[in-house]
Amino acid sequence: METWLTSLITDTPQQGFELAIKMARMGVKYTQPSAEVRDSLRDAYQNDADSLTWASQVVAVNFQTVAAANGYWR
Amino acid sequence: METWLTSLITDTPQQGFELAIKMARMGVKYTQPSAEVRDSLRDAYQNDADSLTWASQVVAVNFQTVAAANGYWR
Amino acid sequence: METWLTSLITDTPQQGFELAIKMARMGVKYTQPSAEVRDSLRDAYQNDADSLTWASQVVAVNFQTVAAANGYWR
Amino acid sequence: METWLTSLITDTPQQGFELAIKMARMGVKYTQPSAEVRDSLRDAYQNDADSLTWASQVVAVNFQTVAAANGYWR
Amino acid sequence: METWLTSLITDTPQQGFELAIKMARMGVKYTQPSAEVRDSLRDAYQNDADSLTWASQVVAVNFQTVAAANGYWR
Amino acid sequence: METWLTSLITDTPQQGFELAIKMARMGVKYTQPSAEVRDSLRDAYQNDADSLTWASQVVAVNFQTVAAANGYWR
């Protein structure tokens, strides 16, 4: 795997949220490395409300980590 | 993505809860950017008890982050 | 939305648990504002063991937040 | 609701774990107050592996709270 | 229930992980005390990828507690 | 079980993320020790978007633990 995570520190909460999204996606990528397969799955889950909710939950868990790392940007 | 999250600090716990809701929705929006598609999904999941419970769980996880950021408004 | 959350501080752990339940329900209410619809969903999910477990999980997550806010009532 | 939670402090980790189980069950009871209904659901979910896993997860989340309250019984 | 949890402290992270597994299983055992029933369920859920993922999630939540109790074995 | 977890400390956040993935997989392996069975399940769950999301969630929970252990690599 290429280098993709060198720091949890971000300038703003929004950048931290976007890092949390990247982490959620990388959690998928390590399990399903094929971009072609991931793309083929996208259409189904982008159109399923529960799938989107579960994806949002993974982001929320990762954002807890990123926010703590950044002292909540206080 | 437009700027939507500049701070986790809110004046009151309720504003923090409402920020947690926004974060849950933005977690969905990053995955499904189309407002049209999101609206089309809304009817189904607003009328499914489990979907609502899972949505509430994402809010709960995000609210943990916001509450910690605000020192629990003590 | 009316004011419903002015503080996370409660006198007792049980009051904190009951606040966590209210937060779980409010997480639903923000997504499905219609009391009529929520009532119509109640019968199904009150009689489904997994639905009840998932609801209890949301309470558990919210209670973590409330308990931390209250210094665990030590 | 009767008084059932006056403290998160327990003498031992196992008592804390058992309190976490009680909390998980009370999270259900607040949503489904009828003991008769809860009993009728028990047979199905006690014989479903995933239902048992999800129940164990709620216990795990509650145990995090109880353990933190007790300074991890160190 | 016999005594099974007298301390969260372990010598190594791996022993802590294995304690987290035991806690996940005990969370099931309190709900389904019959070893015979639990064994009968095992075959199905050991051969279902999602069941295994959910079981791993309960372990992860319990391991958070054990790791914190041990100061992360630093 | 062989020794596989001697420390939660890693040099970089990415190594910590990869440790979290290993922990998620080991959580599965303790429940389903057969590599042959795990391999047979892989095809189905690698091609199911929700399965991948749930796997990513377990990684996220484990990464919280690893990140805390490492002081968030600050």
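As written, the chain order gives the labels A, B, C, D, E and F, with residue 1 at the start of each chain.
In this section, a residue touches a chain if its C-beta (ideal position, glycine included) is under 8 Å from a C-beta of that chain, and two chains touch if they have at least 3 such contacts.
Since the structure is predicted, the reported quantities are computational estimates derived from the model, not experimental observations.
Student: What is the set of chains touching both chain A and chain E?
Tutor: F
Student: Hey, what chains does chain B share as contacts with chain D?
Tutor: Where chain B and chain D share a partner, that partner set is C.
Student: Only C-alpha atoms count here: how many degrees separate chain D from chain E in terms of the superposing rotation, rounded to the nearest 5?
Tutor: It works out to 60 degrees.
Student: Same or different interface residues for chain E and chain F, judged by whether over half of the residue numbers are used by both?
Tutor: The interface is built from different residue numbers on each side, given that under half of them are used by both copies.
Student: What whole-number Å value describes the gap between the mean CA coordinates of chain B and chain E?
Tutor: Chain centres of chain B and chain E, defined by C-alpha means, are spaced 31 Å apart.
Student: Where the centres are mean C-alpha positions, what is the separation of chain A from chain C, in Å?
Tutor: 27
Student: So how far apart, in whole Å, are chain C and chain D when each is placed at the average of its C-alpha atoms?
Tutor: Computed value for the inter-centroid distance: 15 Å.
Student: Among the residues of chain D, which are close enough to touch at least two other chains?
Tutor: If we look for residues of chain D contacting two or more partner chains, we find 50, 54-55, 57, 61, 64, 68.
Student: For this assembly, give the contact graph shape among line, ring, star, complete and other.
Tutor: ring
Student: Taking the touch rule as given, give the residues of chain B at its contact with chain C in the complex, in rising order.
Tutor: Going by the criterion above, the answer is residues 12-14, 17-18, 21, 45-50, 52-57, 59-61, 63-64, 67-68, 72-74.
Student: Given the complex with chain A, which residues does chain B contribute to the contact?
Tutor: Contact set of chain B toward chain A: 1, 3-9, 23-28, 30-32, 37-38, 41-42, 44-45, 50-51, 54-55, 57-58, 61-62, 64-65, 68-69.
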